[in-house]
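Each structure below is given as structure tokens.
In the two complexes that follow, chain A is the common piece, with chain B as its partner first and chain C second.
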Partner chain A sequence: MASWPESPRLIGTSIPRLDGLAKASGRAKYPSDIRPEGLLFGVLLSSPHASAKVKAIDLEPAKTMPGVKAVLALATAGESTIFYQGQEIAAVAAETEEKARDAARAIRVEYEILPHVATERQSAAEGAPKVFPTGNTRAARAQTTGKPDEAMQKADAVIEATYELPVITHVCLEPHGLTAHWKGPDSITVYASTQSVMGVANDMVENLGLESANVTVLTDVMGGGFGSKFNADTWGIAAAKLAKEAGRPVRMFLDRAQEHQLGGNRPSAKAKIKLGAAKDGKLVAMVAETSGTGGRGGSNFPLPYVYKVDDRSRAHTEIFVNGGSARAMRAPGHPQGCAVMEAAMDDLAAKLGINPLAFRLANLAEADMVAGGVNRTDLYKEQVERGAKLIGWDRWKPRGQNGDGPIKRGLGLALHQWGGGGAQDKQVACIINPDGSVELRSATQDIGTGARTILAVIAAEVLGLEVGQIKSNIGNSTFPPGQSSGGSTTTPSMAPPCLDAVEKARDELFKRIAPGLDAKPEDLSLKGGKLLVKGEEKATWAQACRKLGMMPVTATGVFGPGLASTGVGGCQFAEVTVDVETGVVRVKKIVAVQDSGLILDMLTWKSQVYGGVIGGLNYGLFEERIMDEGTGAMLNPDMEMYKLAGATDIPEIVVDAYDTPEMRVRGVIGVGEPPTISTAAAIGNAVANAIGVRVPKWPMSPMNVLDALAAAEGKA
Partner chain B sequence: MGAEAAVRFTVNGEAREVETDPDRTLLDVLREDLGLPGTKYGCGEGQCGACSVLVEGRRMNACRTAVSKVEGRSVVTIEGLAKGDELHPVQRAFLEENAYQCGFCTAGMIVAAVALLEANPAPSDDEIAAGMDRNLCRCCSYPKIVKAVRRAVELTGGGAR
Partner chain C sequence: MADQPDGTTGTPAPSQPGPPCRHLRFKGMYVYTDVAPSEEPGEYDNTIFWCQKTLKDFGPDQGFVGREDCRDGSRACYEVD
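Presenting the complex of A and B:
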């Protein structure tokens, strides 16, 4: 049975990316760069209205415009209902993008404009227009454990507060889309910007009535997904249909506004929380009423989060609005659950007059067992201790004691958790060629995390080669089934079958060449690019492979027990300054302590944690979808008024890998999501610590900070 | 769309002539007419910097630049920074520091850094952050990007190019 090497040469060190040169030189071809001969440009016409009936669509004016090769209706006159601004109406393919845009504009659509609800507030108003015939909300029954109301009576301190996070959008830098190229009447190759080549292939098969064998989806590199790019989507299928009609390849990518409007979003969250504790600092009860909107989709999030409250009730209500549907976004639900829980924890600690760090440690479950018999509470305790040291928590002062001038300084912390386990049904093929080249194949893809590099690290480790000698071929749906890039599952799903495949291929190589060396296969080993017989160098890798004659070695690897695990903790600390005159928050320092089992490549691992933290800083300080209640339109579907951090917003970030021998024996666990969960929560708590007032709404924008200060002074 | 006209300019040291609507964006012409897809579309509004190119050595957002505006001028894209197989020091620095994840912003980042070092060959850390602030990275690789620019300063000995 395969197992990770005990004293690895490469695994766990910092290995540069295999795709670095292509990216730094500008030679990497993204799906939106692919330009097959005869390429046409696809443009999606989307609805300007948030709520409407499509009464008539006239494609004729577009069809006769210069350079237009195909036009397709995506809505049906007299039938289609528009639920959000940006919903798909029609698609055009033309010789140039400008001609396609002109043609899309020429399509005549008659709408019956209906009243809309663009925000949670509008949706909940009395007599509000209905998003669904059944209404604008769906309330779930309260989930109750123990006797929260009774227990709350015994609390020495109770806080009751409402915390809110807005809808945010993914803002992948490469928009959603694909290039569709028919290779014959019933055979298609698709270059998709996707986090699931298999998902897109499946969508093509189902929507176009093609045989699986005739669909190839390729994703060499892609420009970000964050949970929003698992499928071909309406526009991707439209591109394939337009390409068929025109008899030429079609490239169809959303523009930036469409990207915000229909490329997916993270649901909002609102939590009215009553949380009580005894004076010894133990939580006694929680009663929470929560809600959120995912457009027409769900918005639930975990609560309580991390901490143990035996007596609790929680009721969640889905609110529907005329907005684009939510999609999975980096650790779905967790940043929201973490932010509201950690805010309540901090406010209660302040009320009790207890150091918030001690209060948290006092309220972890005694045994929070995760896979492999690991007690996550023990992890948290050590992680919090490490984080506290790195941020300098001994400088922490209670609220209201953090500066006499207008600039206040504050510290905050938050804890998070995630699964990060993998699937057990994925495969990797390993091919060792007689010329010494080594190829790995799987239908997974690199969303930017370094998946390609990580598979090569494993192969190089086993074969005693350098990482650059391994050809890591992923991003092809026709290869052995691979994992979608989501849920922090890619590495734990793909690393075990990769190890298995390479070990099998190595063993087969030994079996085939041993007789020619007058040795037994078990006498052979590989080290430093050499073949060893009983520990003695006998041939170079290339010479050894040449002994294969014309027949390569091929092996397919599958999952093996003990190579991957699931269940991580982690904590983050933030230090901020807040100008109480302007409401401007500056993050000065963030400490992120993160476990994730066996770390395969420390370099790409750290990149993930940095990215997660700064993503969380974005949610904490800047990001917000702003809807216009009057028109139902998104007011900031761009990258100007939809604020994102730039280089000057980045604080000192300390990434501390909780990389202990106990963690390494757990095997591989994914890390894409956990480090983005608690950043916004920690920033919110640091702001409250600085200014002595809870800012109950994210982001920590000047407006929300000043509103909270004004409310505290009774001015709002 | 306006009438087509010939627009002449230099791209990566080579004289080019394009028969096109002069109002088309430089980004579109580079990517679609001249076969240089290294420069990316990110926002179409000059806010994200993914489309950064050098025009007479200064950084411009190609998505907001009509191709007619570069008539007679010299444009350098990410593809034109290396001299043959020899990468530009800024490219080498990004490679050494692994200053990217998905890499979609990288071309714009590198071009912006080249322009920054052209204007200020020995910037302070604050000047690097300020100079790179108009380029957005959604994978949030900023710490490594800033480090890469610092490394590029070392590689050039404070004298880019």
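Presenting the complex of A and C:
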């Protein structure tokens, strides 16, 4: 069975990403930066209405506009239903973006406007118009374990509360889109901002009737996806069709408003929870009624979360609205489940008068076994201890005891979990050339996690080279099958075949050059850029490779057991101040403790945790899609009124890698998603600790904080 | 379109669902390549589906895309190999 090096030189150290300088200096070419000769600019015409039928579309006015080269209807008159504002109607390609926008505005569309339901409240209200053919709501499968009602009666303390989290959008800095460039009548190259070059290629094959061999999708770097960029999308296929019609490449990226309306979102969550515990602090029962909206898709989330409640029931209702469709978003469902569970845990601990940290530890399952025979409960206990020291939990005071003036200070914590395993069917090719250059190839992509660098670290480790000597060539759909970047699976899926490929290539190199050195292949080794024979330096790496003559070494690696695993835990602590006169929350410090098996590059690993925490902070403090019930329109489809953290909103963030010998032997586990799960929950609990009142609605905005304070005083 | 229990009309849940339509897509197919869309979810299901023909959460017939919705052989857009 293959194994990771026992005493690595590079693995686990902090190595800057290979493309860091190019990205920081602006030299990196993102898909939206690509400008092939003859490029046309595509613009999408989208519906201004939230609910309608398309009665007629007249493209002719656009076709005669100056500079317009192609126009395409995406809706069908008499057939298409509009389910939300922003839905695609038509697409235009023109010489400039301005000309394309003018032409899109010239398209005449006749709508039959229908009743809409823009919010969960509006959709589920008594007497609401039945907007969707199957009804406005759909019950998910109800779950009951044990006898929750009976058990609840035996509880010494019970809380009943309703917690809410809004719909938020992905806000990718590089919007969704691609540039389509036909290389012949039946051959296309696509520069896509995607998490899956193979997925986009497959969409091109299926929707354009092309052969797979004639489709190339390239993603050298890309500006964020967070789960929302797995397919080519209607506008991507439209770009390809417009490019074919015009005979020129077409660039089609969403504008910022469309990015909010069309590019996906994280579903909302509402949870009415009854949670009971005995005097000794053990949970005895939970009864939960939950709901949420993902547009017309799933909005469910895990509950209970992390903690053990034997007697419980859960009923979830999907609420359909005339809003954009949900898409997977960094740890789908977990941030919502974590926030409502951790809020209920904190509120119950306060009612019992128990320190919330001790209350949590008392309610972990005795055995929470994950892959590799690891009991996650043991990890949680150590992680919470480490996090408590780093935040200074010994300063924690009960609610209502956190300051006499208007500025209150509070501490909160939350626990989370994730899988992070990988697929076992991906491949990496390793090529060692006679000039000494080394190239890795795979049809995976780097969505910003450092995937390119991590593969190079592995190759450099095995070949005794520096990371910069490795050309990590990914983001090309024609390379050996690679992992789509989602579910924190990229590294655990790609690292094992990379190790296999490089070891195979090294062994083949040894086999081919050993005879010329009067040695056996097993006598050869590599260290510090040198070839060693029985431990003695005999040649530089370049000299050794020249002995290959004209033929490079090429090897393809596959997944091997024992190199990757799944199942992680973590905890986060937050310290906040809250001004009870203005409702303004400032996060002063966040501590994130996280395990994720063997860490290949500590620098990119920590960057993932920082990014996850900042994403979670946005969820906790700022983000909210605001819909207008009167018109069905999104009121804040921009980056001004859709609030995100600025530099001065980012607190001190302490990242603590739970990087122990026991974790390293588990192999590689992904870390993209876990560290974003519990941040909003920890912030919510810190706010409650500070002001002595639960703010039941996220984000922790001034309005929600002041509303909660007013409600506590009976003024709501 | 048949009457629904809530009084609206629409496509009823299929009484004997067939295999998933070949155009049904969800993230798990991309990241865990051995997961089938017909596989029953665990304790909660938040899978978000789309149709590869429309690349949207509604199908060519304007009906919903979903685990059960896209096993309904009576839909005009339903296709299996």
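The criterion applied here is as follows: the second predicted complex is superposed on the first by the 713 of 716 C-alpha atoms of A that agree within 3 Å, B and C clash if a C-alpha of one lies under 4 Å from a C-alpha of the other, contacts with A are read in each partner's own complex, and residues count from 1 in each chain.
Operating definition for what follows: a residue touches a chain if its C-beta (ideal position, glycine included) is under 8 Å from a C-beta of that chain, and two chains touch if they have at least 3 such contacts.
Just so it is clear, the model here is predicted, and its values are computed rather than measured.
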Kindly say whether there is room for both chain B and chain C on chain A in the superposition, answering fit or clash. fit
Which superposed partner A:Lys99 touches (first chain B, second chain C, both, neither): first
Roughly how many degrees, to the nearest 10, is the angle at chain A when you join its Cα centre to the Cα centres of chain B and chain C? 130
Could you tell me if A:Asp203 is touching chain B, chain C, both of them or neither one (first, second, both, neither)? second
Give one of first, second, both or neither to describe whether A:Lys538 is in contact with chain B, with chain C, with both, or with none. neither
Does the superposition put A:Gly297 against chain B (first), chain C (second), both, or neither? second
For A:Leu644, is the partner it touches chain B (first), chain C (second), both, or none of the two (neither)? first
If we overlay the two complexes on their shared chain A, which of chain B and chain C does A:Pro16 touch? Say first, second, both or neither. first
Chain B versus chain C as contact partner of A:Ser607, first or second or both or neither: first
Please indicate which partner A:Gly615 is in contact with in the superposed arrangement: first for chain B, second for chain C, both, or neither. first
Which partner does A:Lys63 contact after superposing on A: first (chain B), second (chain C), both, neither? neither
Smallest distance from any CA atom of chain C to any CA atom of chain B, in Å, after fitting: 20
Note: in the complex, chain C contacts chain A through residues 1, 4, 6-11, 23, 25, 27-28, 30-34, 43-50, 52-58, 62-66
In the complex, chain A touches chain B at residues 16-17, 19-30, 32-33, 35, 96-99, 102, 171-175, 221-224, 226, 253, 255-256, 447-450, 603-604, 607-608, 610-615, 617-618, 638-640, 644-648, 650, 653
Within the complex, chain A is touched by chain B residues 1, 21, 24, 28, 31-32, 35, 37-45, 47-48, 50, 77-79, 81-82, 87, 91-92, 94-96, 98, 100-107, 110, 128-130, 132-146
Residue ranges of chain A touching chain C (in the complex, touch as defined): 79-81, 83, 130, 132-135, 140-141, 143, 196, 199, 203, 206-207, 227, 230-234, 236-237, 267, 294-303, 314, 316, 325-328, 332-333, 423, 425, 483-484, 486-487, 489
